[in-house]
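One structure coming up, written as structure tokens, with questions to follow.
Chains here go by letter, A, B, C and D, matching the order in which they are written, and residues are numbered from 1 within each.
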Amino acid sequence: MLKIAFIGLGNMGIGMAQNLLNANYSLNVYNRTKDKSSTLKGDVKVFDQPDKAVDGQDIVITMLSDDETLNQLANGEHGFLASMKNGAIHISMSTISPDTSRELYNMHKIAGSHYLTAPVFGRPNAAAEAKLFICTSGDVETKEKAKAVLELLGQGIYDFGTEPGAANVVKLAGNFMIMASMETMAEAFTLAEKQGLDREQVAEFFGNTVFNAPIYKNYGTLIAKKQYQPVGFKSKLGFKDARLASKMALDAQMPAPLLSLVYNRLLSAVANGNGENDWVEGIAGSVSTDAGV
Amino acid sequence: MLKIAFIGLGNMGIGMAQNLLNANYSLNVYNRTKDKSSTLKGDVKVFDQPDKAVDGQDIVITMLSDDETLNQLANGEHGFLASMKNGAIHISMSTISPDTSRELYNMHKIAGSHYLTAPVFGRPNAAAEAKLFICTSGDVETKEKAKAVLELLGQGIYDFGTEPGAANVVKLAGNFMIMASMETMAEAFTLAEKQGLDREQVAEFFGNTVFNAPIYKNYGTLIAKKQYQPVGFKSKLGFKDARLASKMALDAQMPAPLLSLVYNRLLSAVANGNGENDWVEGIAGSVSTDAGV
Amino acid sequence: MLKIAFIGLGNMGIGMAQNLLNANYSLNVYNRTKDKSSTLKGDVKVFDQPDKAVDGQDIVITMLSDDETLNQLANGEHGFLASMKNGAIHISMSTISPDTSRELYNMHKIAGSHYLTAPVFGRPNAAAEAKLFICTSGDVETKEKAKAVLELLGQGIYDFGTEPGAANVVKLAGNFMIMASMETMAEAFTLAEKQGLDREQVAEFFGNTVFNAPIYKNYGTLIAKKQYQPVGFKSKLGFKDARLASKMALDAQMPAPLLSLVYNRLLSAVANGNGENDWVEGIAGSVSTDAGV
Amino acid sequence: MLKIAFIGLGNMGIGMAQNLLNANYSLNVYNRTKDKSSTLKGDVKVFDQPDKAVDGQDIVITMLSDDETLNQLANGEHGFLASMKNGAIHISMSTISPDTSRELYNMHKIAGSHYLTAPVFGRPNAAAEAKLFICTSGDVETKEKAKAVLELLGQGIYDFGTEPGAANVVKLAGNFMIMASMETMAEAFTLAEKQGLDREQVAEFFGNTVFNAPIYKNYGTLIAKKQYQPVGFKSKLGFKDARLASKMALDAQMPAPLLSLVYNRLLSAVANGNGENDWVEGIAGSVSTDAGV
């Protein structure tokens, strides 16, 4: 059985790691905040340095909050990249920029290991229930070897070819689409509200008919109810993704005015000290405030 | 059996009228272009004046392109409003402004007839297959009486209360949401394309996972393929709806920057003489042009 | 000497009327709030109905807050239009839509009087000092006859031809340009502030060099100091002008995203109950709020 | 007399260098394209390496197209920074990011020389006529020593304190303001045009009255005439400045929707292969295209 190191036990990682344990894998784990691992049930070894955690393992999975953290844990002090055994695979599942994946892909190649880009769509409960949608890009053989592990984490694997950054492009494009959907619903529901209708009834109608997709149903309910607690995804992380998407658009020479609109909404949330609040509030709350309701 | 007049045999109306005929209703029909009725199969009487078409009928259904046409056919020369029999019901299914419904509601009340707002979501094929989603608002008894007829035209009836304009608000908010979704997908797919990915594969991924709603699947395919033929819905009609939504936002004191964005996209299409082209081209084609692809 | 009726003694009108009195004209005046005329010095007769005020006069000057008020005083109960003597001239100096001028032009023609469009640029102090810039459009002979009177009110008369609405187009375009300048300065100064610079020093630099125009100097100082008192021009009147400009853009099929931006800023001010506050606050205050400073 | 090295003889630099020669300074010059120096009249020595050009000089003036070029000439192969004599002053007049100035300031300090930020406002003809507006920031003594030289290049020196990046902030904020003014005029003049007025007459009116600043007069004429030749400032350089301003806004957490608007206009110009065209065309030409005129 493949030996796995799991790095990053946040809201998403904790559920993913447990799913691997449930399938009887042994895990070496590393998290900057050590006590996160205490809820894991199964054959777990906790390490206090990333390089030690990956030593001798076949697979290293990372699920971290941003490019900087990933780079730090891979290449900083006690970084794991240089400690991976020859031929081992790093499955990189964080939401990061395609450029970071392109650089890490090359670094792994030089170091004799492999890098597989595999970001996911889904909130923490989907991670816990192994219902994530997983996008992949990278070498064909690497994907083959990682397949069985990825299948334990999600309900579908969608491949976007061999260019290492491709799956990150899809992930960031998707997060932009989610932000844009929030802006869309917030404007529509608030307009309806100000015309005298019930926001929740309007949201329910669209979520059950022409917009009956998870994004519209789930975020639609939150937006209609103006329910911004508990925080599912922070505005500052949403802004990070808007920033990465904007950087990607700059590199590709792509004018994207709707991306600019949601970027500015979330930047405003951060600038006002509300970066820890939910991104639904960052976008939909701002629409309401502008409208005076 | 209720006697029905059907006014407006365009792409949408023709399928709806046929569904009533299929249920063995006799129809009086009126269309400005008379030969549109030639394909109808069943007990049809064709009239060359709206007032004659509604004479003695219990139900008058209108499915027209805009507020002006409806007002003209209701209140202009040979207008039908004054010719409706006492207690008859006008089911108004066109995409029009809430204000027009509010005014017509009052006019019918004075004239001794009833006005029911009942706009629909769905493209012509959905109309033909009786798969429309129908939104209603108006008097409770009127809705009760019209229910059996409406059920023959759609897969669901969603009621928004007694304020006559309410269902129009929902319809226009929904059309705004569709335009916003097109902008969203066009920016996301074009960004992915310029980053080296395949638009269609990206569209398919989102349409099968987190955005698996009809709007995203159907428009997503058109946008990904840059397929703007045949014309399903004209940019000039799309602009009309953006204009009505903006008017509604003005009346309700609702700042809506994303609505402004798609309004300007479609206004640009019209200003460039492309009002007859599909609204997908009006929005998504403009995103591509701006991006130089 | 020409006999003049002056209708509308607001912040602007009061100074203009005084300038005519200073030149020894006798004035019949009408204002909805009667005591406004008490500060006027000279040969003034105050009337309590607009039709009586214009009776027998050669020139009728209107300086009112909006289209609705002008239409009401011209054509409502005791309206002055029908009471103007044959050949008399109505000099219409309010900021109104070109369409209203087009309609009034035709009405006067039918009634045997003349309509001259003559909106102005300048704040109340410029009105008091006869330093207004006056834009005109209308019949050549009418302009000739009105010239001597207009010269007493401003520092320059700029003619835009015979189409009655033309001067209103220029006035509304200009007010849009002022709003856009405020947005421009607010974003630039706030960006500089957040980069650690002194807003006022930055404003002073630009106002003395490449942007040394009255608009940039005057509004620049207010924006830099975040000084929104006393109220010079209300946000709700600014929004009215943004609305009229948008209507004009709609009629002319003109996509104008920057107009949409300032329109939404001022609409938000109105929606939040701040319509009575200065439009500098409506625009620049909103930029600061979004930036968290 | 101070010995000066001048690096960068583009459209701007050539006129500035000549002004120093006219004041009897001897110049060491370096330009990547060597023959640019052939038109200079006076005591000029041409060098083919930046390090040789600065050897022994008291003042080094740089006037280059972007951050990358400056960094390359300062710190790349044969870079001049390490060759400057102890206590010499680098007057950095290019339009670059504040961060680059902050870094170079520190590098000079370590190397024993001084860095003075001194970007300018003005087109090539203003540079040739010593009519530039010069913004400065940096050490007080350095500014004192550089003063006499700077006075030969401009009509005014405006100081923004000791923080090295401050003057760059002002310069980039100003270039944003110019872009925003172009968008403002383009929308206003095109709206007037589509309402039947003469663009040039409208431009002339505003340039002579409430907007009588150089920016509005000069760019206003070009925009009104749709005159995009000869190229005064390339769209790709304009976009570079919009990009630097956006980066500065990101760093300062400043949402700036109008900056986003002009950023996207110029990015679209670049994406469509029109980066070499004038930025007036990049912005105002795009407004016209959107409007179908």
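Here is the rule we go by: a residue touches a chain if its C-beta (ideal position, glycine included) is under 8 Å from a C-beta of that chain, and two chains touch if they have at least 3 such contacts.
Heads up on the chains, UniProt names are A, B, C, D = NAD(P)-dependent oxidoreductase.
Computed from a predicted model, the values in this text were never measured in an experiment.
Where chain B touches chain C, over half of the residue numbers in use are shared by the two copies, so each contributes mostly the same positions. Chain A maps onto chain D through a rotation of 180°, based on Cα atoms and reported in steps of 5. Between the Cα centres of chain A and chain B there is a gap of 38 Å. Shared interface positions of chain A, defined as residues touching 2 or more other chains, are 253-257, 261, 264, 268, 271, 290-292. If you check the complex, the residues on chain A that touch chain B are 98, 121, 133, 135, 156, 158, 160-161, 163, 165-166, 169-170, 173-174, 176-178, 180-181, 183-185, 187-192, 194-197, 201-202, 205-206, 209-216, 245, 248-249, 251-259, 261, 290-292.
Interface residues of chain B, counted against chain D in their complex, comprise 257, 264, 268, 271-273, 290-293.
Against chain C, the residues of chain B that register as touching in their complex are 243, 250, 253-257, 260-261, 263-265, 267-268, 270-271.
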